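Please find the structures below.
After this come two complexes, each holding chain A, first together with chain B and then together with chain C.
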Partner chain A sequence: MTIQPLEGTSSPEQSRMAIDGLIQVASAWRVPLTVLALSVLPWVLPSKALAVNVLIYGTFAVGYNLLFGYTGLLSFGHAAFFGGGAYLTGMSIVHFGFNWLAALSAGIVGALLLSVVMGVLSIRTRGIYFSMVTLALAQLVYYTALQASSWTGGENGLRGFTVSKIDVAGLRIDFLNPLHKYYVVLVFTALALWLVSRVLNSSFGAVIEAIRENEGRARACGYDVERTKLLSFILSGGICGLAGGLSALHLAIVPLDTLHYHTSGLVVMMTLLGGMGSFFGPFVGALAFLVMEDVLSLWTAHWQLFVGAIFILFVLFLPKGIWGTIMGLGVR
Partner chain B sequence: MSTTQLLAVENVGKSFNGFVALEGISASFGGNRVTAVIGPNGAGKSTFFNVLSGAIKPSAGRILFEGRDLTAMPQHWFARAGIARSYQITTIFPQLSVHENVRVSGQAFRSRYNIWRNRDLDRALIEKADAVLFAVGLHGKRERIARFLSHGEQRALEIAIALVADPKLLLLDEPTAGMGPEETKDMVALIERLAADRTILLVEHKMKMILGLSNRVLVLHHGRLIADGTPAEIQSDTEVRRVYLGQSHGAA
Partner chain C sequence: MDLQLIGMQLLSGAVLGAVLVMTALGFTIIFGMLGVVNFAHGALFMVGAYAGVMVAMQTGSFWFALLVAPIAVGAIGLLIERFLIRPLYSRPPDDPILLTFGLGYVLVEGVRIVFGNDGIPFSTPSALVGVVNLGIGYFPIYRLFVIGVVALILVLLWLGLEKTRFGLIVRAGARDPQIMRVLGVDMRRLWFLVFGLGIGLTALGGVLAAPMRNVSPEMGSIVLAEAFVVTVIGGLGSIAGAVVAGILVGLVVSMTSLFAPEMATISMFALMALVLLIRPQGLFGRASI
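Take a look at the complex of A and B:
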């Protein structure tokens, strides 16, 4: 009788500690756990192509989240990096006959260079001005691609670079097989995740979070805020360029829309749906969005209307997004 | 009293679109003394602090720190030179833990862009942050998320963030703002301990606290320095009396 209440009072405390411990372990193993979760995706989703899209857009959102969720900068111009990576990957194959890996690397390098230029031009502006400047610069890239049609295919998009086979260390992988394609893409997604996780665990990761939390204070502590933001912008741009390059290899076409501001809006939506500033959130957001698109577009041509309504409900009632809310239940 | 010169401001002025917030301020500070900066609301105290911490650039004059001209330098250079500040309105990293708040501040002098070094594995920095939290009485709350602290605790954290950098000059902007008498007493005791081995500039409204803490008082009025002396000298200064009495008459 006397022991009973004592146990009663200590057990919530214990379960609290158990949950905290679990979260800590999970967060230490977040890259392997995420890759593990993603590796079963093609087996549970209705189509393999959808699974590949979740990976690609998830990687795009992971790169975007580094800037938006962790550094606190709302860019409306990330289509430029995703599309830039896609176009440069495709163009490297079409015009220069690069192999797929060299082309993908060219896509990443191109996106990095583009993010250096866009970053230098935009990083000193704040808040909504930053969003507007990134949007305007990305539109410049869009119209450049539209005009340079002999290089980019203009309105018709870039075509004619189907990658059907991939040779890795003597192994020939059939890239037209969606399942094989999925796991090839997953390797690159895993690399991107590892890099982002590395950044977030590092001293640099602490600095970008400090800037998100309180820019003025970070400056007073002795941080060069502009330079730190620029580095984060470039890292983010590079990862989004990788996602774009993978998308080009996946689709064997780069639609002009890849550079359109819709694409920038898409990644903002996916990041918010999943949970900005959470590690796994971007994939959950990409999955939620693409599944919604898949299901709703079968049912109505106005699916975007419903996606928009759901998005508004999320912003109003679940500002932490799906994954952020789930993680929040454990923490608090 | 030794007048080792740490910080010298020479003829500093600042105007915002024609409004003169500061004009012709010259003074020097050093020798581990506590200097209070007082003045009626709108006298330019906060502008003065923002200029001294590099947050805003003066429109005239120079700021010399240990003989180096910092006037045109960006704000983070001021911090790296050894000037740390606290804010009148609590300015912390709300979503980070108490310990992280202090650690990330201290990290500015060790590792800024390194992505290979883990943020939470620098032993010396962890211990340093712990020592500072102990000094301000927050050690028991080190894992707490900063926004869940009480107002008084956040004020103490604010000081800890400034302190972990081992600043030579500490600028405290109304450290007891919004505090109750009990918390104020703790803060005064803390400032007294800090004053033992560093130079402190302090903006405050609580007269009793100023007289007890400071060796020197500067009085600002309409952006000008109207008096500079010991607390006793300031109390008997006719100009200061006129400014403060005039204001209380106006309010009555």
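Take a look at the complex of A and C:
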């Protein structure tokens, strides 16, 4: 990153040092800080359901960002992991009578397996191919779910698995109460955030960023680029599966559209809106997107027109997203 | 299973293949020449179909629609290149993907605002209604007409690329834009025209598909996936690859629907997965892309 002197301030040195220090403290405490900010969200947002959605899609975007933002792979197939996690969570309850935690675990395992298969097929392709292949493979999952209607409910989506009470260590929590639900989901979001933060701080995290910056050089340094990419793909898929499973528990229905590539597009938009390749970005993006959707859909049925237009403007003028742009101002 | 049925199914597979070739052609040309992956491809296909239906309803002539709608949508393509794609040439290859994805939303929603959420019915033009006896069975005339049009377009495209000075420059530009610039060729103008041509062909695919598919704002989403499958199987940016892959996919889908109808759509994606395992760069692709 280039550091240029800040213009128009009386003591540029001082203010820059103060900002740099603040950023350092913030990034060392990024998981507790994010969780802290999220724990007040239900009181800030207009509705509790919206807050739960921010958590779920924020987790989805965090998982996606690991691949897109940090490894530099633009996947358009993550609906398969989000939707796959949602469907397997729901199906485990409907067809096998699992309890909610076992069902959620089944959803994550299912998403992991799916990401192994899709990863092996798509990582073989290079560069620009990757986006197309992931989209096409995710559509394969979509059409499979559409056809296997006795298992998935087909076009009507999967229904009939309302989780009303959950037991945690002898404590019975009313899952229909949106506030209780919010904090249960927050626990899983915090776990996912901790995992991603841990991965990014590890040497593996350094290697995936090296691959994003210069794949050839990473290969020349002796790193197994394909294996690293695949591992990042699988990790990302697992976290997105968790988000999908949480969404199934939250909605008590899995619409077929969860698997459609528009869901992949949604997470791409959120990540880009917030700022790809930054830790806070995906949550900022999910929040911005969902609030925008909430406000615009009250006003017009054609809110997607504005979503698309705003997205185009971001690609053209603010490719670093909201958070990335704010941080860019601070660093400069 | 009698042979006549299989023969008919092979023929309808070839027709489906021709439609798929037409679906992927504009996408492949834009990628091959510009290196831009157009995620608004499905939406522009849909816009082409709507434009065709509108022109045909206003003028009463399908033939007129077949000519005017692609030119009109191609002109929109020129505007898209000039104002949205051109600023991104110096950016990473992911940026045009992201931008065109957003553009797809805008186009689909725009069509919904103007024409409503429901599809609009469009019947086969009266001159092409009916079936013809091919010896092994009866076959819709319109589908044979589509094969004819696609073959004509391919011949014209081949002549244009191989036998004209413009085609020579386009091919050279696809191979090495840097050298072409050194030689004094205005690549920006070239890309501008090729993008417009690609979008025009996409729209033509939409008009041709209008009597066969349900014309609705969502019709583009399956088209986008189909175009991807055909292009990945054929090899990115290869026109010959798109033709062979399109027909191959058509045959596979058609034969699958004979034996296991519920697997028909899935078979297309399974074929792609198989090709990726055996030959990741696609049938006609160069390994270095």
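Everything below uses one rule, namely that the second predicted complex is superposed on the first by the 321 of 332 C-alpha atoms of A that agree within 3 Å, B and C clash if a C-alpha of one lies under 4 Å from a C-alpha of the other, contacts with A are read in each partner's own complex, and residues count from 1 in each chain.
In this section, a contact is a pair of C-beta atoms (placed from the backbone, for glycine too) under 8 Å apart; a residue touches a chain by one contact, two chains touch by 3 or more.
No experiment lies behind these values; they were computed from the predicted model shown.
In the superposition on chain A, A:Ser203 contacts chain B only, with no contact to chain C.
Once chain A of one complex is fitted onto chain A of the other, the partner contacts of A:Leu296 are absent, as it touches neither chain B nor chain C. Of the two partner chains placed by superposition, only chain C is touched by A:Val315; chain B is not. In the overlay built on the shared chain, the residue A:Leu272 is in contact with chain C alone; chain B does not reach it.
Of the two partner chains placed by the overlay, only chain C lies in contact with A:Met132; chain B stays clear of it. Between chain B and chain C, more residues of chain A are touched by C. Comparing the two complexes, no residue of chain A contacts chain B in one case and chain C in the other. Residues of chain C that touch chain A in their complex: 31, 35, 37, 39, 84, 87-88, 91, 93-95, 97-99, 101-106, 108-110, 112-113, 221, 224-225, 228-229, 231-232, 236, 262-263, 265-266, 269-270, 272-273, 276-277, 280-281, 289.
Those residues of chain A that touch chain B in the shared complex are 198-199, 201-207, 209-210, 213-214, 216-225, 227-228, 231.
Here chain B touches chain A in the complex through residues 53, 55, 74-76, 79-80, 84-85, 87, 91-96, 100, 103-105, 107-119, 122, 161, 165, going by the rule given at the top. Of all residues in chain A, those touching chain C in their complex are 74, 76, 121-122, 124-129, 131-133, 135-137, 139-140, 143-144, 147, 260-262, 265, 268-269, 272, 302, 304-305, 307-309, 311-312, 315-316, 319.
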